[in-house]
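One chain, subunit A, appears in both complexes that follow, with subunit B as partner in the first and subunit C in the second.
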Partner chain A sequence: MTAHITGIGVVSPLGLSREEHWKALLDGCSGLGPTRSFDSTRYDNPISGEVPHFSQEELPSRLLPATDRMTQMSLVAAAGAFDDSGIDRDQIDPLDIGVMTASTAGGYAFGQKELQNLWSKGPKYVSTHQSYAWFYAVNTGQISIRHGCQGHSGVIVADDAGGLDAIATAARRLARGNRVMLTGSVDSTMCPWGRVAHTSTGHLSKSADPRTAYLPFDERAGGWVNGEGGAHLVLRSESDGRYASVLGHGATVDDPRADPGAGLVQAIRLALDAARLRARDIGVVFADAAGTRQADGAEAAALAEVFGRNSVPVTAPKAATGRMGCGTASLDVATAVLALRDQMIPPTVNVEADASLGINLCTAAAPHRITHALVLARGIGGFNSALIVGA
Partner chain B sequence: MSRRVFITGVGVVAPGGVGRDAFWDLLTQGRTATRRLSLCDPEPFRSQVAAEVDFRAEAAGLTEQQSVELDRAAQFALVAAREAVEDAGWRDTCPPGRAGVVVGSAVGATTKLEEVYRQLSADGSLWDVIPDSPAQLYSYFVPSSFAAGIAREFGVTGQSGVVSTGCTSGIDAVGNAWELIQDGILDSVVCGATDAPISPITVACFDAIKATSTYNDTPETASRPFDATRGGFVLGEGSAMFVLESEESVLRRGARVYGEIKGYASRCNAYHMTGLKADGRELAQAVTAALTQARMDPGELDYVNAHGSGTKQNDRHETAALKASLGTAARHVPISSIKSMVGHSLGAIGSLEIAACALALRYDVIPPTANLTRPDPELDLDYVPVHARKQQTDGILTTGSGFGGFQSAMVLADPEKRS
Partner chain C sequence: MTARVTMDDLKRALQEGSGVDEGVDLDRDLPTKAFADLGYDSLAVLETGLRLGRENNIEIDDSVFNELDTPQQLLDAINQALESQAAAS
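Entry: the complex of A and B
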């Protein structure tokens, strides 16, 4: 598997473009704060990582009533990725360009609005867009229409791990004949219905302080924070030398009878094998960093098993953005590519690593010589995914 | 060199009966399972017909807890997967890490989500829904829980997930599984699709775009693909699941094979989220690409299992696509839509149609298009009206077309006849 990344588009709580996000991350900024887009005061989880100043003006006005916020952000990130890739559309048959996104749960806010219309007013008040605007396939569909992509496309759902699985599936599509793939994922949960979905997991942070709400690998860890945003990537079979390439992927589901990190270990080993690399080739790990003591412990143990205790540098930029469903892992891949480009490891903000975990966590931005980055993502239900990017 | 991939087990939960045999009896007898909507109150809706499964979870082998906690779509998938795995004699025969689960679903756990929404919003009166949710709520939001549940059931630990591409999900999930085996990532996959969308929000959303049939007084004949009087699709539900195995696995186990998946391709029309272009160009491209992979000529097809949703637009679009992709063979090959009998179960139907193809390969019977009694002069191919046909069936094409613009095609063949 070799798929060259030739374009990156980012919408993140830290910025509305790739470079804004990257600069804010290196500066140690955090995008977490009190929730603004809906009244979160009646929920125990008041902190969010919202995309500030997201402007719908970049989108045609007719699309606005037909789209959830996650789709609007996805369209902005996709346009950013296509622009960045600089591909000459006149030279490529639309049938050779595909779209492979991930979805977590569809458009929460659009779905809530139409459920409310149905139950408070009646069937005649349900939007003519409801049949597709909330559903899992919507971002791929809308991107394909907006950018005229007619090639083999799809949508992968594996909770947060899907953000990597979709990129790997897109990379495999290049080997099967697509010349260009737009992939990655962008997600948003910002409405009461989305918040309640996550509180039901019991793992959402109850802290009201943005500086302590999401502290993965910290003794004080008390759950994660919902964010929004993500990244889209353009993959091609030919490299233009600007960014790294997708080199390997491995995915597993947990065996409930095995150690809680065993499935993750196996996913990492599959990715290393697929990339024909050894553990020591990995210069940085972008961790899943669930921010619960149990999941962090399992992940740290998995990293220790593959790399040794306190060895490979580990970071979790999502401490500054919150978890945006499958968008998180796609954003981590974009960030990892920028880390390789600039030879800088971005920090895990606000965290003091729990020494007992034996994890070499980067809490301040620092230059490092790195040739390969490993990105990890885990999903509820036992999904583990590992993706390697490198030169 | 890609590995060959075979279907060795088939499990079905469909309108008209639970189980593969009940499904095949219904199809080959040309009976319809469409009826007056009963899973929710039909009165408020424009379309009051549906193809519903008479399903009792505990009678189908689920525990009381599963029958209470799992969404209907998850229940269907689990029951269908068990039948497929038993049919293949596959359980515990594959190293867990070399087996995966891929489930297609268009709308996931819609029924449970709506049920919980009503409780937490006091029937839509609260925007700030009450944060007093059942522990399972998140699993209803993420359809990946369907794949996770089936992986747990069979102790599978290889790459797994859900493929959700609207109404082509059922073809694309099996296609995704086929590719995972071809690419050497897995040796076996329990795959297929499920949907149980017959709930007020889904009925209402199709009402809103007038996509569903309004033959409310004659529900038994409400789904009329390719007929001059067709008036939209009938919302259905169900699941079909399969065991897919590599050639090595089939040979090692001496497994009995339904058929080989020879080709699979998908395209996007990049045109409209719900509309179709009349020329069917992208569906035709998908068909041609799937046949090319299969190294088969259109003339080698004995049967085309059509998407045939029964909307004015689809049946025209699909007929054009088949003419464009199959050439003169389109004039001769029998084409039918089982949606005339089991309705349109969104993401699930593509897998139910693959199940019909697998059974047609095994039994050499072509299911008919029920209710096709008034041919549409615009649609001039052989749509196998009303009665099944007993004939040698060794090469089959199945097609799907869906919201989001997805157009998918899969080619299956009897491995004895076409290797």
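Entry: the complex of A and C
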């Protein structure tokens, strides 16, 4: 399964472009802070990773009343990825260009607004655009309409693991006929309804201090922070030599009632087999980094089983952005590609790794020789996914 | 006398409910062009029709909007419904 990444578009709490995000990450900046887009003081989880200064002006006004914020950010990132790829659309049959995104929850804020209209004013006040604007598939649909993509397309729903599964599915589509795939995920549930949906899991951080709210692999870990954003990638069957390639993918599903861990080990091994690599070929792991003691312990144990304790360098840049649904894992893939390009491992900010976990966590940006990077993602319900990118 | 819905009302309903595409001048093109040529799909037409119906307290069946191609036809359908409702009351 070789698919070459030829375009990257990023929207994140650290920046509105690929290079802005990457520079802020290497500088050790954090995008976490008190929630600004809605009043979170009534909730137990006041810190968020919001995208500041996101401008709707890059989009035609025709799309604004009909789209959720996550779709607007997705459209901006998709346009950035297509521009970056330099694809000449006149040279490619639209039937050969597909879109494969992932979505965690659809357009939540749009849905909340229209449900409020329904119950406070009545059915006549619900926007017709609600019929699709809150669906999982909406970003794939809007991107394909805007860019005239008519190839095989779809959407993956696997909670946060979908951010990797969509990229792997897109890569497989290239092997089956599509010439270009726009993939990845940009996600947001930044509204009161989205916040309470996450709160109910019990895994969201209650800290009011942005520096200690999300500390994966740290003894102080007390949950994760909700963020927004993500990345879109353009994949092609031919390489232009600028970025890395998608080499292997593995996915498993755990029994949600069982102890976590076994499925993650199996997903990593499947990805290594698919890429025809050995564990020692991996130069850096971008961890799922759930930010709860139990899930962090399970991930550290899985890494120790495959790579040995305190061996492969591990990082979790999402400590600086929060978890943005399946946007997180897609952004990790984009970041891993930049790590390969610049031979730099981005830091896990604010964290002091718990030594008992046996994890070689990079807490400061560090030059490192990397030929292959492994990205991990897990989702609520037992989803495990592992994806390998490399030269 | 029945209050008539005007092209200006329709323009505002379009802008509020569905926005305006790049390069489209509603003041110039609304009376002469088809919705499809202005970048509006069937849902945008439905949204505009339901919005005008709601603002004018008239009940119009959704299916009416499926048959319309131009803003003028939508305006005629709304005003016709308005007159029928006034005559019935």
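By our rule, the second predicted complex is superposed on the first by the 386 of 391 C-alpha atoms of A that agree within 3 Å, B and C clash if a C-alpha of one lies under 4 Å from a C-alpha of the other, contacts with A are read in each partner's own complex, and residues count from 1 in each chain.
Definition applied: a residue touches a chain if its C-beta (ideal position, glycine included) is under 8 Å from a C-beta of that chain, and two chains touch if they have at least 3 such contacts.
Treat the numbers as computed from the prediction; the structure is a model and nothing was measured.
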Subunit B versus subunit C as contact partner of A:128, first or second or both or neither: both
Partner contacting more residues of subunit A (subunit B vs subunit C): B
Contacts of A:29 with subunit B and subunit C, given as first, second, both or neither: neither
First (subunit B), second (subunit C), both or neither touched by A:366: neither
Which of subunit B and subunit C A:165 touches, first, second, both or neither: first
First (subunit B), second (subunit C), both or neither touched by A:253: first
Which superposed partner A:61 touches (first subunit B, second subunit C, both, neither): second
Interface residues of subunit A shared between complexes with subunit B and subunit C: 66, 127-129, 131-132
Residue ranges of subunit A touching subunit B (in the complex, touch as defined): 38-39, 42-44, 66, 94-95, 98-99, 103-106, 108, 111-112, 114-123, 126-132, 135-138, 140-142, 144-145, 147-159, 161-162, 165, 169, 172, 175-176, 192-193, 195-202, 250-256, 263, 266, 379-383
Residues on subunit A engaged by subunit C in the complex (per definition of touch): 60-66, 124-125, 127-129, 131-132
Subunit C residues touching subunit A - in the complex, by the definition given at the top: 15-22, 24, 39-40, 43-44, 46-47, 50, 53-54
Residues on subunit B engaged by subunit A in the complex (per definition of touch): 44-46, 96-97, 100-101, 106-108, 113-114, 117-118, 120-121, 123-125, 127-131, 133-139, 141-145, 147-149, 151-152, 155-166, 169, 172, 176, 179, 183, 200-201, 203-209, 211, 265-274, 282, 285, 402-406
